[in-house]
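In what follows, structures are represented as structure tokens.
Same chain, two partners: subunit A is paired with subunit B first, then with subunit C.
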Partner chain A sequence: MTTALPLLLDAALCALILGAALATVAGRGVFRAVVFFITYGLALSIAWVRLGAVDVALAEAAIGAGLTGVLLLAAHGRLRRLRAAGDPGTGAAAWPAALAGAGLTGALIWAWFALPLPEDPGPALAGAMPHAGVGNPVTAVLLNFRAWDTLLESIVLLAALLGVWMLTRRQDWHAPPGLAQHTASGGVMAGFGRVLPPIGLMVGVWLVWAGAEGTGGAFQGGTVLAGVALLVFMAGLPPPPRISAPGLRLALVAGPAVFLMAGLAGAVLAGGFLTVPPALAKPVIVTIEVALALSIAVTLALMVIGPPEGEASHGQR
Partner chain B sequence: MMLIWLYLVALGVILSLAAALWRVWRGPARADRMMAAQLIGTGGVALLVLLAPLQDWAVLDVALALALLAALAAVGFVKATTPDGAGDPEETSPDLPADTAPVADPRHTQGTPHG
Partner chain C sequence: MAELALPALTMILTMILTGAGLFFFLAGSAGLIRFPDLFSRLHALTKADNLGLGLIALGVALQAETWAQVGRLALIWVLALLAAGSVALLVAGGALAEGTARGRHRP
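And then the complex of A and B:
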């Protein structure tokens, strides 16, 4: 009885995920696909919990169920206003995509069976953990043992935001990013935008801080903070800062800059780029995490908001 | 014994999630699908809280993040249904259909005329 129940739970969860995934690609209508995709991200996050990867579950919950939902719903709303949100159809264009998806799934299944089980990283990681400076093995790998990857990822995020900003027209460059949000004063949305952010701010800061020893981290906490910022902006209080504002630019580059400087300091003082002496590891890692969380939060929020759109584009709608 | 109960209740919550998925499929209105997605968000939080004592108390952090951010999609949905995609349904007059209602906010009528 006690061994069958976890299995049953996992089987039910798998059925839920497969059902949501199938409905996302098989159903007609863009909006239905968007909503199914949101629920799919949510179910995936629960699956990560079942697999024991709580840090990944946290990232999936924050990104998949939170930010992606807002992004896709806003995109659908815009398509609908442009009268372009018809069903993309299941004609000839769908087949290459379906074949590519099926091919990728097949390759993954093949890899699962063909590749040898990886050497358990446990012993090596456990041996190195006392020198990591932090108690969470995920944070130790991300910000100490494999810091190079994380540094490049933080720069990739910045590059993605620059890509979004490239869509800005010259005359809109000094306008606030995204649509000009407005709400009924004293309405439900304005109230929501006042009540939730303080709580979200605390949760986000907690996740960044807790990441050093337990579940959490710069990315998870930063994503929650990005969600909070989005909520404030969508409630129209206050509008997002202009993308030419120096303070905003500083917040965007703070994470990669602090990370790079710590890496260079390691090259000069500790004998290797991104090398952290064990005695200083904890303060260095926490400093990098705080700066990274700030940059991740601002970058993700601005990416979801989109490029600046001046009054001209408002008039066209 | 307690663990068995936790698993059974978790299975029950998964069944309710499946029922909500059916509502997302069925619709028929966009709001029906969105509300079903919100129900899945709430059910997901419940499921995570049930899994926390079974696996790892840190799962409560995931539940907390989900509870905070699942509501964000509802805000995004409500925003996207307003005429300019940036408003608030409470601003527009209720007797006009949402697709044709003019933008009530004076800040948005000062630009170029609607084309």
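And then the complex of A and C:
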């Protein structure tokens, strides 16, 4: 009983993940696919918890299920407004997508078998941890031992937002981003938008700070903060800033800029790009994490809000 | 909480509470699937599920080792309550404004 129960739970979880994945791909309708995708992400994050990877679980729940889900829902809403939300799952147009998806899956399966199993990184990582400056091995890898990957990831996020902004028409460039939000003052949304942000702010800041020693980090905390910003914007208190505002631009590049500067300082002072002396590692990593969290939060929130849509959405302007 | 003298009793209590919580979740899900229109579905979902989550949180809180864990469970319940209630009102309000609430999803 005691050994069979976890096995039963894991089997049910696997079935849930596979079922949700299948329903996402095979079901009719964009909206249904998005809802199943979110369910899939949540089930996947529970699976990560079962595997003991709580950091990955947090990232999957916040970014994979939460933020990506909201992005997809926003895209669906935009398609519906444009009267373009046909069912892309039908007809000849579906075949290239299906083939590409199947090909990618095949390539991943091939890579899984073809690549050599990595040696257990445990002993080497445990030996290096005293020099990392932080207690959480995940943070040590992301921001110290393999900081390159994280630096490039933060720049990729920025590039994605630039891609969204490229959809802006020239005359809308100085308009507020996204659609105008019509919320009654004293209404449900206004109240919700006032009650939740203080708690969300606390949780987000805590996740960023706690990432140095325990579960958390810039990406998880930044996503929670992005959620707080979205809630405030949706409640219209205040509306999102214009994308040409200098302060906003500064917040967007703060993370990658601080990261790059720390890397260059390492190249000059410590003998290698992104090399951090162990004595300085903790303050440097925490500084990078704070700047990164700010940039991630602002970038993700603006990505969901979308490009400025000017007169089409802002009525009488 | 674990230092309570009757671990077996708290375990039984936990099972009863989480079991009752699961029952309310089941009832809420059944309502979501079976009820005919958006408003009664929202009603089933928010009321039954909030009660179910509260009972499960209460049952799990009996197994907590520190008061901080109890506090976190309570916070989770209150936040879920707040979110579910607000979102249900927003969805219902949106459906009223659009006039699409009744019969749209009727089988």
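Here is the rule we go by: the second predicted complex is superposed on the first by the 302 of 317 C-alpha atoms of A that agree within 3 Å, B and C clash if a C-alpha of one lies under 4 Å from a C-alpha of the other, contacts with A are read in each partner's own complex, and residues count from 1 in each chain.
Operating definition for what follows: a residue touches a chain if its C-beta (ideal position, glycine included) is under 8 Å from a C-beta of that chain, and two chains touch if they have at least 3 such contacts.
Note that the coordinates shown come from a computational prediction; the quantities given were computed from them, not determined experimentally.
Asker: Between subunit C and subunit B, which one touches more residues of subunit A when both complexes sit on the common chain A?
Answerer: Tallying touched residues of subunit A, the top partner is B.
Asker: Examine A:199 and indicate which partner it touches, taking first as subunit B and second as subunit C; both and neither are also allowed.
Answerer: both
Asker: If we overlay the two complexes on their shared chain A, which of subunit B and subunit C does A:189 touch? Say first, second, both or neither.
Answerer: So A:189 meets both subunit B and subunit C here.
Asker: With the two complexes superposed on chain A, say which partner A:106 touches: subunit B (first), subunit C (second), both, or neither.
Answerer: neither
Asker: Under the contact definition given at the top, report the residues of subunit A touching subunit B in one complex and subunit C in the other.
Answerer: Shared contact residues on subunit A: 188-189, 192, 196, 199.
Asker: Quick one: in the complex, what on subunit A touches subunit C?
Answerer: Listed in rising order, the residues are 188-189, 191-192, 195-196, 199.
Asker: For subunit A, which residues are in contact with subunit B within the complex?
Answerer: Where subunit A meets subunit B, its residues are 1-2, 5-6, 8-9, 12-13, 15-16, 19-20, 23, 27, 31-32, 35-36, 38-39, 42-43, 45-46, 49-50, 52, 54, 57-58, 61-62, 65-67, 69-71, 73-74, 76-78, 80-81, 178-184, 187-190, 192, 196, 199-200, 203, 207, 210, 214-216, 220, 224, 227-228, 230-231, 234-235, 311-312, 314-317.
Asker: Where on subunit C is subunit A touching in the complex?
Answerer: Per the touch definition, subunit C meets subunit A at residues 75, 79, 82-83, 86, 89-90, 93.
Asker: Which bits of subunit B are touching subunit A when the two form their complex?
Answerer: On the subunit B side, the touching residues are 3-4, 7-8, 10-11, 14-15, 17-18, 20-21, 24-25, 27, 30, 33-34, 36-37, 40-41, 44, 47-48, 51, 55-56, 58-59, 61-62, 64-66, 68-73, 75-81, 83-88, 90-91, 105, 107-108, 110-115.
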